[in-house]
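Next come two complexes, and both contain chain A; in the first it sits with chain B, in the second with chain C.
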Partner chain A sequence: METDVLIIGAGPAGLTAAVETASRGLDVTIVEESLSMGGQLIQQTQVLGSLPSFYQPKRGFELAQRLRKLVEDTSVRCLLGHRVIGFYKDGSVGISDEANVFPLKAKKIIVATGAAEKAIAFPKWTLPGIMTIGAAQTLLNRDFVLPGKHAVIIGTSDFAMDVALQLSEGGVQVKAMVEKSQTVLARDTEKVNQVSKMGIPVHVNSSIKEARGIGRVEEIDIEQREQIMTIPLDTVCVDGGRSPILDVFYQLECSFGYQRELGGWIPQYNPFFRTDREDVFLAGNAAGVSSQGVLLVTGIIAGINASESLGALSKEEAEIKTTSLWKEIETLETKLDPDVWNARIRHVQNYEHPVLTDQFIS
Partner chain B sequence: MDKTTIICRCEEISYEEIEDVISIGARRFDDVKRLTRCGMGPCQSKICSSLVAEIIHDKTGLPFPEIPLPRMRMPISPIKIGTLTTNSTTFSSVKSVLDEVELEDGKVK
Partner chain C sequence: MHIKHHPILGEQLQKQVTIYFKDEPYTAYEQQSVAAALLANDIKQLGVSRNLVQPRGMFCSRGRCCSCYMTVNGEDHVRTCMTKVVDGMKIYPNDGDPQVRSESHGD
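Our next item is the complex of A and B:
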């Protein structure tokens, strides 16, 4: 199988990249491991506040529907339920449909593999009933299954606030939110107020000491100023933040740089969202963890510049569009968190000075 | 942290075991992996790599940009050997672990 542009991942960034490339007449293939398009947007029932200026405010799943419709109106080949498992010696991508593995030759690759949630370790954190906050949201909003009846949330990010509200509305009693810092991390004060109106207590300067239970979690100990508070429950949702998924970049021998604010290690890339490999672009959370609005814009930039590299768009036009889209990222990301935007600028400036270029030492 | 806390769920490696190998010189995820089997189970370090980096940082003071990523090998996620070989007339061209080993005079460099 051959294609002009292979896009890995059908989340918000992969889908906007697909629309940008396919609408310019290129042959585009998306490979997506799940059976539906939209990535993590599918279970976001909250209104997404910080979308690009050319989008109306929408709930996550509504945005997913809209992007899916846009992609379906083009001639994009969607390989749902397919995974990239590695690369052949000649550079073809090894794709599996779970029955076979076949090679796909792509002129350009846009990697939009997203981010994965990070764990927080404490004694007995491996007990059933203890899960990441994203897993709890997926159970509730996508699978329509209540993760439990009585929950505690570890973390107070904006996302943790969203999920706390959704769990409460779904009938889960959120007994507490626990934050190790001195203040709540969420920046959306309206949401923090909603959480307190729901009667959910938020404990700052606190951390989880241990969980207990036979066969599943039954209670946890929260430590606050050397005092221990024991809470009986059946669900613990842990928000450890997210970090970019990098396996594909590693296999492609891309170089990496470290930016804490963007999720840790991320591939090096230039202002055109191209990695240090001429044929590999990237987009979305894989290029640094950010808000959904920013993810959409990075997908557009990667799509435009992949199109330019295949001659489907003039260099001048691509540069003009890219510059104005970077302004959009600046607006959205500064509003989200100026530190994230500064890290992104630093990262792109570091493009000429990669940190990890040769780590293939056995 | 409590020493018995599990860090690698797949291989059931505790905080104490990781602390021990750091005390004898482990400074990156792959050092810890080779000494303890941490990260060698089904998830291939997808869950524990950031936890281990944090422990290395806490114990040695090494800044995060100096704690490299674990090596990520083909296949990117678990796949049945049967699936990997089906329909493949060019199986030998799949990038294998052996491709990464450099030989000198018939011996591994």
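Our next item is the complex of A and C:
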């Protein structure tokens, strides 16, 4: 099997990259591990506040539907339920459908593998009923299953606020939100006020000490200024932040740089979202964890420049479009958090001087 | 508990199916993952850890942490958060390492 552009991941960035490349007449293939397109947008029921200027505000799942429709209107080949598991010696991509493995030869690859939630470790953190905050949201909004009756959320990011509200509205009693910092981390004060109106107590300067239960979580200890508070519950949602998923970049022997604000280690890339390999571009959270709006724009930039590298549009046109899209990223990311934007600029400037090459990090 | 009426997405659970956990029947709905459907039936422990034999359940729901491994329709180590329910599915907990190193499977 052969294709012009292989896109790994059908989340927001992978889908916009697919539209950009396929609409220019290229043969495009998407490999997606799950059985549906849209990535983590599928279970986002909140209105996404910071989308690019060319999008109307909409809920996450509505955006996923729109992107899916755009992709379906093109001739993109979607391999759902398939994973990239490695590379053949001749550079072909090894793709598995969980039963067989087959090679796919791609002229260009756009890696849009996204980010994974990080765990928070404490004694007995592996008890059933303790899950990532994203898992709880998936149960609620995608599988239509109530994760439990009484929950505590560890973390106070904007995402944690969204999920706290959604769990409450779905019928879960959110007994507390626990934050180890001195203040709530969420920047959206309106959401924080909504959480407080819902009567959800937020404990700052606090941390989870341990969980207990037989076969499942039954209670946790919260430590606040050397006081221990025991809370009976059946669900703990941990928000440990996210880090980019890098497996494919290791296999492709890309070089990496470290930017804490963008989620830690990320592949080096230039303003065209190309890695230090001429045939490998990247987009989305894999290029640095950011807001959904930014993810869409990075996918567009990667798609445009992958198209340019295959002669599907002129260098000048690609540069003009890329420059204006970077302005869009600046607007969105500065609004999200100026530190994230600054880290991104630093990272792209470091492209000429990679700090880590030919080294396996994990 | 299955959510019959979602505050934003409305009534989404339409096609009911029956799945079997340790040979007992449970109600699930098409489109749900196996791990989610079991949780809806208050089954949280999906297996035990291989060294210390500690209970394990669904953790990431993204197919990355492997905490939800189970045996599904005779296949071991299936990530049940990434597998959709099918009517009549037979599910058993992951209570040990499967036998993969045998003559018939190579080494």
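Here is the rule we go by: the second predicted complex is superposed on the first by the 359 of 362 C-alpha atoms of A that agree within 3 Å, B and C clash if a C-alpha of one lies under 4 Å from a C-alpha of the other, contacts with A are read in each partner's own complex, and residues count from 1 in each chain.
Going forward, a contact is a pair of C-beta atoms (placed from the backbone, for glycine too) under 8 Å apart; a residue touches a chain by one contact, two chains touch by 3 or more.
What you see is a predicted model; the values in this text were computed from it and never measured.
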Room on chain A for both chain B and chain C (clash or fit): fit
First (chain B), second (chain C), both or neither touched by A:Leu35: second
Touching partner for A:Gly94 - first (chain B), second (chain C), both, neither: first
Partner chain in contact with A:Phe256 - chain B first, chain C second, else both or neither: first
Inter-chain angle, chain B to chain C through the CA centre of chain A, in degrees rounded to a multiple of 10: 70
Touching partner for A:Gly86 - first (chain B), second (chain C), both, neither: first
Partner chain(s) touched by A:Ala119 [first = chain B, second = chain C, both, neither]: both
Comparison of chain B and chain C by chain A residues contacted: B
Where chain B and chain C come nearest after superposition, their Cα distance in Å: 5
Overlap of the chain B and chain C footprints on chain A, listed as residue numbers: 33, 116, 119, 126
Complex contact set, residues of chain A against chain C: 33-35, 45, 59, 61, 116-117, 119, 126-132, 134-135, 138-141, 143-147, 169-171, 215-216, 245
Chain A-touching residues of chain C, taken from the complex the two chains share: 1-3, 6-9, 12-13, 29, 31-33, 36-37, 39-40, 44-46, 49, 54-65, 67, 81-82, 84
Of all residues in chain B, those that touch chain A in their complex: 1-2, 4-7, 9, 15, 46-48, 50-51, 64-65, 68-69, 71-72, 74-77, 79, 83-88, 90, 93-95, 99-101, 108
Partner chain B, residues of chain A touching it in the complex: 33, 83-90, 94, 96, 98-103, 116, 118-119, 121-123, 125-126, 210, 240, 243, 246-248, 250-251, 256-258, 260, 264-265, 355-356, 359-360, 362
